[in-house]
Amino acid sequence: MNVELCRAWMVRFAELIDADAGRLTALDAAIGDGDHGVNMQRGMRAAVAALDESPPETPGRVLIATGRALVAKTGGAAGPLYGTAFRRAGKALADTESASAAELGAALVAMLGGIQELGQAAVGDKTMVDALTPAVSAFEAAAGDGLGAAVEAAARAAAEGTAGTVPLQARKGRASYLGERSIGHEDPGAASTALLLRALAEVTAAS
Amino acid sequence: MNVELCRAWMVRFAELIDADAGRLTALDAAIGDGDHGVNMQRGMRAAVAALDESPPETPGRVLIATGRALVAKTGGAAGPLYGTAFRRAGKALADTESASAAELGAALVAMLGGIQELGQAAVGDKTMVDALTPAVSAFEAAAGDGLGAAVEAAARAAAEGTAGTVPLQARKGRASYLGERSIGHEDPGAASTALLLRALAEVTAAS
Amino acid sequence: MKKLINAPADVVAEALVGMAAAHPELAVDHENRVISRAGGPTPGKVGVVSGGGSGHEPLHGGFVGYGMLDAAAPGEVFTSPVPDQILAATSAANGGAGVLHLVKNYTGDVLNFRMAAELAEDDDIEVATVVINDDVAVEDSTYTAGRRGVGATVFAEKIAGAAAEQGTDLASVARVASDVNDRTRSFGVALTPCTVPTAGQPGFELGADEVELGIGIHGEPGRTRGKLAPARELVAHALDAIHADMPLSGNVVVMLNGMGATPLVELYVAYSELASWLDGHGVTVARSLVGNYITSLDMAGFSVTVGMFPEELLELWDAPVQTPALRWGR
Amino acid sequence: MKKLINAPADVVAEALVGMAAAHPELAVDHENRVISRAGGPTPGKVGVVSGGGSGHEPLHGGFVGYGMLDAAAPGEVFTSPVPDQILAATSAANGGAGVLHLVKNYTGDVLNFRMAAELAEDDDIEVATVVINDDVAVEDSTYTAGRRGVGATVFAEKIAGAAAEQGTDLASVARVASDVNDRTRSFGVALTPCTVPTAGQPGFELGADEVELGIGIHGEPGRTRGKLAPARELVAHALDAIHADMPLSGNVVVMLNGMGATPLVELYVAYSELASWLDGHGVTVARSLVGNYITSLDMAGFSVTVGMFPEELLELWDAPVQTPALRWGR
């Protein structure tokens, strides 16, 4: 993955968030406070604007700049979580000009690590972790077959992981306040994470 | 009209108010503040309680006691207006043991006078005056044919007068704040006045 | 009807129990329904009394205390108090220097206070009455019961209360109160109707995109129905109506009042529009209030009150006040 | 959605313009979205900062002023502020003696304040953080994000603010704040949902005869849904939940808080029930607040907050405070 592809990934993620903001907010209204779509929209628009303003030279720098913008503009729980995730992923890529499938896999692992370190959520807590964890495993399992296969597998796994949050009772984030009433709803953060991996698969296939 | 009949009149008026409180409040909600039924209920219940507590000896005293209770318990515009009206009517009857049709007619005139002196409303202002004025005229016109005929004529005239308030634009009371929007609604005070004369006709017929 | 109450008929009585419990500095006479200062009347001071229907809280009971009212007589919801009750409030406020009745201009309030004043005279209590009528939505003519008394009541209670606290005599306190009334105008807008507990349903129906313009404080419909518009336009509508009746200039005291169910964050948005309208018209805000001061139960909406006050009135405005709903300087 | 606003996305920014216009004693940094005291930080005094999503007004901006907060950082509606913004508030509050962050326990608030504290340390501003978590509706376990911070925030801001005003050092002010938090419990009840402006529709549906029990302050549904009941029962439900978690006795400070759309007359009815419940349990009300202090936009409902405070904390409670929403003693 070179800098253009990485930048395209972020732009596509922002587009998918814009397109699905209403759905994300509705999911958050059901078990949270009804702002996840608006938050992610505000954050990713700021991120894309930052990338336009001073285009980074490496994929790693693209992710770090995105993370900074998310921390600075998103707010809520998602801001620090996604922000840290992108910055960690960016740092993992160091200054490679073009990341191999293996390097991108390591970046996704760092992304997950950042989210878990900050949020202390485990698989099954009904958070974005339930989308990202299976995505990372699927990516690594398929990494041998090349980037295209890996990102497609990751996107599918993230979508399945998101669907898998529906029967769960939340143990982290606002949804946990609802106790058993959180069961039966899809987690909004998992849903936005699924969009992140969908965006990655789309831009990779198109490249 | 002797003291029993006069007392029966007040009791019947209280009953009719109870029965129609919802309608009176609804009328007031449309062009006022939605409390006329409750106000009259509170006032007339207090009046009947007062009459039970220390039964007056003359019809005049019955009306004065009723007026006092209305002033003391009703509140709103209707309290002072009806209260003064009953006290004036009672005073007009002086200490007659039994009032003739003519004497009762004079009492109704005094009642109307009290309301107009206090409220300064003229016929056509969309108030209780629009029910009481025609009632008084009808009563006096029919007084020659005896009490029964007079009260029946007065009750019918009050009802017609009340219906006649519908097309009027209010110039007094809260309804006047609505300007032209007060047109098309029946005036709640006129409606309660119609009940007062209906009660008079009923108890007279039954006696 | 969804309300945080026990029984519709008990709302006023139980709210008075709550006020007494929450405010030991107030004395509540539950039998007569009078709220007064716990210390009793101040000897030699003019007493200031107001009252009217309940449902406008904090008005009037929340304004009883040092520098404002001596006593308040709360009637049933939207129903003026009765003469005996107003008399009891007058006695509770009588420090021997006479008592001022501040009466909002509604037929019921005017008639009941007039009867109470007569009763007070019988008890040798000198009473002066000032009728408040500041609502520009109602034109004052023989075709109406006259202008309603709304927001200016808060200004008159504060300023007349301060004058009385300073030992001013009855006639002068009354003069100050009517001066405040003469220099103040208000206009109200409803986004939703309100529900009188004993009525059980809203006073009127309002579409999702409609507002009532020129409302009073008793849940009655306004003079006209309008379309829901941005706060900027609704505030301008209110200020234009006030400005047309009393051209605004110089220093003003303004109140952006919530009708009861409108959250503070919205009132501040509206206040930002009020401030910029006044600024655009060369009017300077000397003092301001933003919040719920004279309400209509659970109605959503707002009212704007503007007073064009000279320095003397501003000084009285700034004087210390210590009541449940308005407090500064002590 | 019927709101007194211009555009949903502009609510917070425009409300800040309104606050700045209404309160000259406050300084509003519109770019960073920080509300602070107009005078700037008090040299040598510990700065007290709080913040969180908007929609809870008067919390937090309405509590900035002498004796309470030095600065507040309001985020978007129900969305915690961002680190840079909290850093700006921290700098605006820094008088050189360190800054206390009062943080309501929500993942977003905790994470953003933590990042801001790290940034502040980089600027050599000493920061102490106290997380408020008083909501007994959420059991504090590994199965939840922990108890929400609700009404105790108001108590902690008032009391820690008073301690800081008296020149207490950072560690001690922080100790006072966590002491307040440890001794305070809250429980909330919703009669209606609220509508986030940018969402455009209510957060949940509630039948005409239903209430949500154990709500927070972000329009989320409560722990359970119940039937609409008399105020007596709803207040008892809240107090029973608090009493079960922290057995009440002795002197308490209580707050009967409105969620935003519940009229004051209803809050007083509820307060009468609260007072009699406490009386019946041998608990004495030392101080009380009745009104809208920590709200959820246009939600109808209430919350009860009870603090079991020793004399030292009561003295700090009584200390002078001068803010838009809480004022006494000066």
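All chains are identified by letter, namely A, B, C and D, in their written order; residue positions are counted from 1 within each chain.
To be clear about the criterion, a contact is a pair of C-beta atoms (placed from the backbone, for glycine too) under 8 Å apart; a residue touches a chain by one contact, two chains touch by 3 or more.
Predicted model only: the values in this text are computed from it and were never measured.
Placing every chain at the mean of its C-alpha atoms, the farthest one from chain D is found to be B.
Centre to centre, using the average C-alpha position, chain B and chain D are separated by 55 Å. The distance from the centre of chain A to the centre of chain D, each centre being the mean of the chain's C-alpha atoms, comes to 32 Å. Chain C and chain D have CA centres that are 29 Å apart. Along chain D, residues 77 each make contact with two or more other chains.
Multi-chain contact residues of chain A, defined as those touching 2 or more other chains: none present.
Viewed as a network of touching protein chains, the structure reduces to a simple linear path.
Chain pairs that touch one another: A-D, B-C, C-D. Contact residues of chain C toward chain B in the complex are 53, 75-84, 106-108, 111-112, 114-115, 137-138, 142-145, 148, 196, 198-199, 201, 203-204, 216, 218-221, 223. Those residues of chain B lying in contact with chain C across their complex are 25-26, 29-35, 38-39, 42, 71-81, 118-119, 169, 171-174, 176-179, 181. Remark: chain C residues 2-7, 10-12, 14-19, 21-22, 54-55, 57-58, 62, 77, 191-192, 208, 228, 230-232, 234, 256, 260-273, 275, 285, 288, 290, 292, 295, 297-298, 300-302, 327-330 touch chain D in the complex.
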